[in-house]
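Across the two complexes that follow, chain A remains constant while its partner is chain B and subsequently chain C.
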Partner chain A sequence: MALPVYASTGQRVWHYAFRVICGLIFFYLIAPILVIIPLSFNAQDFFTFTPEMLHLDPAGYSLKHYHDFFNNIDWQLPLWNSLKIAPMATLIAVALGTLAAVGLSQSHVPFKGAIMAILISPMIVPLIISAAGMYFFYSRIGLQGTYWGVVLAHAALGIPFVIITVTATLVGFDKSLTRAASSLGAGPLRTFWKVQMPLILPGVVSGALFAFITSFDEVVVVLFMGAAGQKTLPWQMFTGLREQISPTILAAAVVLIAVSIFMLAALEMIRRRNERLRGLTPA
Partner chain B sequence: MVQAQRDSAFVQFERVQKSYDGQTLVVKDLNLTVPKGEFLTMLGPSGSGKTTTLMMLAGFETATHGQIRLNGRNINDVPPHKRGIGMVFQNYALFPHMSVAENLAFPLDVRSLGKAEKEQKVKRALDMVQMGQFANRRPGQLSGGQQQRIALARALVFEPELVLMDEPLGALDKQLREHMQFEIKHIADSLGITVVYVTHDQTEALTMSDRVAVFNDGVIQQLAPPDELYEAPMNSFVARFIGENNTMTGVVTALDGSRCVVRLDSGDEIDAKPVNVAKVGERTKVSIRPERVETNKARLRPGAHTLTARVEEFIYMGDMFRTRLSVAGNSNFIMKTRNAPDQVRLEPGAEIEIGWLPEDCRALDAA
Partner chain C sequence: MADATISGGLPQGRGAKTASPGGPMLAADGTPLRASLARSLRRQKMRALLLIAPLLLFILVTFVMPIGDMLFRSVENHIVADTLPRTVAALRDDPSEVPGEPVFRAMAEDLQVAVEEKTHTQLGTRLNYESSGMSSLLRGTGRDVKGMGEDVAKAVTGLDDAWEEPGTWVALLADPAWVQTQAEWAAADDKSPEPAFAASAAATERLPRTVEAYQAFAHVTQADDGDSVTEEEPWNLAYVALADDLRADPGAAEAFEGDNRARLDALSAAVADGTVPAVSYRDMFVESDDAWGEPGTWSVLRTFSSRFTPGYYLNAVDLKLGPNGIEMREPKDRIYLQLFVRTLVMSLVITGTCILLGYPIAFLLANLPERTANLLMILVLLPFWTSLLVRTSAWKVLLQQQGVINDILVWLGIVGDGNRLALINNQTGTIIAMTHILLPFMILPLYSVMKGIPKSYVRAAKSLGANDWTAFWRVYFPQSVPGIGAGSILCFILAIGYYITPELVGGTKGVFISNRIAYHISDSLNWGLAAALGTILLAVVMLLYWAYDRLVGIDNVKLGG
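Our next item is the complex of A and B:
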């Protein structure tokens, strides 16, 4: 957005002020995350930059926190728990959320608004309330403190994200394509897998990403629902901060950031691929 | 007789009604029989029920009442994917994530055809619409006309006996549309398939069809071959809707079998052919085609009534002259004359005498 030659003084001032404001906002959002990265290579067991680090002395840096993270059973167990819980919760959330979104996009479904509101509610109700409610309910049916209890609770939290993203892609979905498939002899199942699914895939994938991150970062519900055997990474970080103040948490944080960036990049690539498909779609 | 009709009926609508809200009927008591191999066009303004009728035949809408039969079998309860009817959609509805060849192979995959047979059929269908070299393109990389051809090939590749087309040429420019009209017609004729075609473009309907069903208000107003529809409209809606028409209202003053005299509201008397007027004194709307208006008295029958007309506007259209006249209080009376060497170009303000053969002026209902 170049400044036009006829811009007035006020417009010039605003043009540059706008850039400064944007820069400040980005700094505010990103700085806390970026600071953690060099700190995680600290050779000392402190949460501060040591004088050696500030002088860029190699002796001030080490991989010892990463070593601890990947070898200490206190961190490995939660990491594996998280990696076992999040994908399963994602799978359930994506399957149910996609079906719900496809169903709710049909014109003949009654009480659409109400059904949608109920399915979305876990996103809106304060987490602590959902967690407390689930705790009492799951205790009654014997799921509290089990792997499946945590998975189902996380799936419930992830479903709203899947419904929202899939519903958004369904809005742009041309209904005559399903009619065309049907006129060519394809039954409803084949039509769904071969025609509808490939075209709404980007919505499904971004919904899956949100559901995964929701489960992977979640600490409140798992504190209620999980037993020691289901201790996840965020849970360990939470207790690590409160009880041990171990800098290993910084290494864990950097690993999580790397995972998040990787997933966002993957999502962006899928989105671009789809836009290429859609950009060439007849109007 | 009824049995013979049943046998020749490939598609048959019997007392079919459709209502979306349970109150107003979009299609009212439709009876329509399409013999095998016919190119039938359903023509009408939007909201006339033509698309709803097509969708009921395709199976995407269910009839509220009545029976739809295909090849003698009641298909009311057959889901669309089991009807085996090819369909070309208004927006083509090509699958954007598949190549042209994959689009065409889709109905063949459903029918579990072998690889070699599938490839051969896809190739033959593409060659038929002259799109052989585009097999590996995506639909998005093709122009509108090319997509239209692919949509046509996809609807034909699994060799259905009945193909439905829902305004397939609506999005194309005029020249391409006219070209495709002939091409679709030729393909349909050479394959011997039955086609039910929906359009709101009357030229398209007249050019392509064996028979045209003119829809209005959920009812077929007239079902006839194109020439009959144009030259002998059965009511004033069809006369208004098909082609250009001059209409004037009046009262029947004399009625004698195939001829009648109508006194127009202006007091002038004219000759007409009674179509749906039954008795003297009835109000009627007479309809005459602009190209059937005659200025040369020598060509009229002796004793024919003529009217005095004032020339309002003369438009040169190349092959035709289009003259706007004031006749019997109607200042929008159009006369079309061929651009022939002996044809005079009329000056605005000139007064002329016009008349017509009684059979060219049809006395219709006053609606």
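Our next item is the complex of A and C:
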């Protein structure tokens, strides 16, 4: 992409204009998220920068919204609900999803296409439709408005991500390794845990991260499936945004941004580790 | 030796023994190799299926069945047939526009039962979706139905006090065997419900309407209220039915004995001489509400008496099932087609802006050195990973009239302080926020396609004399089209099903079909219509998904670059 020395004026102008355009688009992508961060330290209950903040006056900044977030029961209860629901949904999704992905990667699977389509469907169907169907069906069987109802629904939504990431790692899996393990006398379970699992672990972990964030960020399904007792953090934010918007929501948003940065970093580490390993083992 | 080729992977010496020349190849345990391999293949398939089965079962129960439930609800229409069973049956025999007395009598019984069970308001709500006014009609007549036939009941009890006694009715109508079991039940006093009332053969034959009306009363009394029929005076309906039966069959008393016979004889005489007046349910219904005398009311009941209905789907596309077949709704009620069109147009606009903004970014990332590209990729992935609600709240905060963007515009002098731009609670707000949310879904597939385009092609084009634009437009762009296709379908699928963002920043003009579905589920409680709208949306998404699968393949869905 470097500009060659022989470039004409027009080419030069376009070269820099293109970069400026791209810069503006990047700005559009990232600015809304970054702007939230300083705004959440506002000492006033405003959603815009106060003159004090613009003059970098320390009096213009405070932690009061964070203080409210971590002490107000209206926010703490949803936070704990989210932390109770997401890991359980992740656990179910990862356990069942990994097992099925291993099954799907076998060489002879009857109806593979149809099975795959069914397993991926929760990712394709618009959330509002999933939510509507689950609301109708789960109220029939008495799961609507219960902890397990929400957990099962979220697990179903997270499963496609686990399937996709784990099958992707299994594609590159060398089957002679399991054969070697069996020939050396390891049973199927031992082979799975000692040989296959450590190798597909990156896929499992990134699948788990996706399943976790799916549940942790999900609001449409929980809005219909949950009762007041299952109110999650996104739900509380949604009500806050729809009804009376309180600045504490900015503090909650920054906490969630921190969570997503952590997720992104974790995924990046897995990716780097993979690349390093791939570099070491001959293809 | 054809079989030997199958054993390709097996080590010859260990896995297979050579049998006599020309005979089948044998495995180590002596079975033919072909059978042995087939068995092992079968076992492999079984193992794979066993591993998949738990998840498949889980998804079927937690996800596929709910979707199936939704499809079922979009055509299900049990409420009319369940709430008004006698009326529906009577209507079948009466094709006239405004039906005759038997239908009104059935309606009186059904409505009395429905009022006792408090289901008539649900029925009214359901029928109100089809024709406004049905709800108030059913509520109003529901209040009146208890009083219908009051003068008949007064006349009968005025003739003989014994008709006020619950015991008189039981003695007249009950099956002796039931009287026996009822007595045993009363003696046991074990809080179980009273045995279901059974009528005697004589009563069923000679007093059919009375038995029918009394059965309805007995069912409600026993099953719903948990009371005993021996302690409750029957409804007015039973008195009217008894008078009607005696009018139709004056000699009915001969089938009975003792007190019953004497009372029926006396009553029969009173009916004949007009002491007990003849009443018409039809007149009483019309007196309660003129609408009962209008053909429109009955055509609605008739149309929606079947157990399955296309009504919700017709409603979802602004049609309705009228007396003369399918017709358009009133212009003021036509909202869904417009909403579908708006959803599609807005999704197209959002997809278009995503292409416009995503293409340069993907191009830049694909052509920069790896290290810089990875760094810039963070700017794409961070929004991708950030909670949807965080991004929506950010836009809600930024786009407000007193928000950061308007502040900056005022500060720059582009707009005056007095006329700040309305950027939120309209279509502009929805487009700005949703483009931001869906942009990574466009950039990532585009990027992965552009990474695979060899740079030498463009160089070759230039060396053959193409200028920058021709090289890009004739050589590079056509190769990136699959990426545009994949990204567009992905964005479009996601956009048409969006709920949260339009709900929060869309106001009234920027909402999508999803918002209407949510409204019908939680506010208007018109679940059938919500299910029908959802099914239509699902069909559109499935179609697009099929196209996506043909174009890209589900196996190629990439997550997070």
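Observations, loosely collected:
In this text, the second predicted complex is superposed on the first by the 261 of 283 C-alpha atoms of A that agree within 3 Å, B and C clash if a C-alpha of one lies under 4 Å from a C-alpha of the other, contacts with A are read in each partner's own complex, and residues count from 1 in each chain.
Just so we're on the same page, a residue touches a chain if its C-beta (ideal position, glycine included) is under 8 Å from a C-beta of that chain, and two chains touch if they have at least 3 such contacts.
In this text, all values refer to a predicted model and were calculated from it rather than measured experimentally.
Overlap between chain B and chain C is detected when the two structures are superposed via chain A. In the superposed three-chain model, the partner touching more residues of chain A is C, compared with the other of chain B and chain C. In the superposition on chain A, A:153 makes contact with chain C only, not with chain B. Once the two complexes are overlaid on the shared chain, A:183 sits against chain B while remaining clear of chain C. Touch criterion met: A:103 reaches chain C, while chain B stays clear of it. When the shared chain is aligned, chain B comes close enough to touch A:174, but chain C does not.
In the superposition on chain A, contact of A:194 is made with chain B only, not with chain C.
For the contact definition in use here, the chain B contact set and the chain C contact set of chain A share no residue. Only residues 41, 44-45, 47-52, 54-56, 58-60, 62-70, 73, 357, 360-361, 364, 367-369, 376, 378-383, 385-398, 400, 402-404, 407, 436, 439-440, 468, 493-494, 496-500, 503-504, 514, 517-518, 521-522, 527, 530-531, 534, 537-538, 541-542, 545, 554-555, 557, 559-560 of chain C touch chain A when the two sit together in their complex. Against chain A, the residues of chain B that register as touching in their complex are 58-60, 79-82, 84-87, 89-97, 106-107, 110-111, 138-141, 144, 147, 154-155, 158, 164. Residues of chain A that touch chain C in their complex: 1, 11, 14, 18-19, 21-22, 25-26, 28-30, 32-33, 35-36, 39, 46-49, 92, 96-97, 99-100, 102-104, 106-110, 115-122, 124-138, 140, 152-153, 155-156, 159, 161, 164-165, 167, 206, 210, 213, 216-217, 219-220, 224, 234, 237-238, 241-242, 245, 249-250, 253, 256-257, 259-261, 263-264, 267.
Within the complex, the chain A residues that touch chain B are 174, 176-177, 179-188, 190-191, 194-195, 198-199, 277-282.
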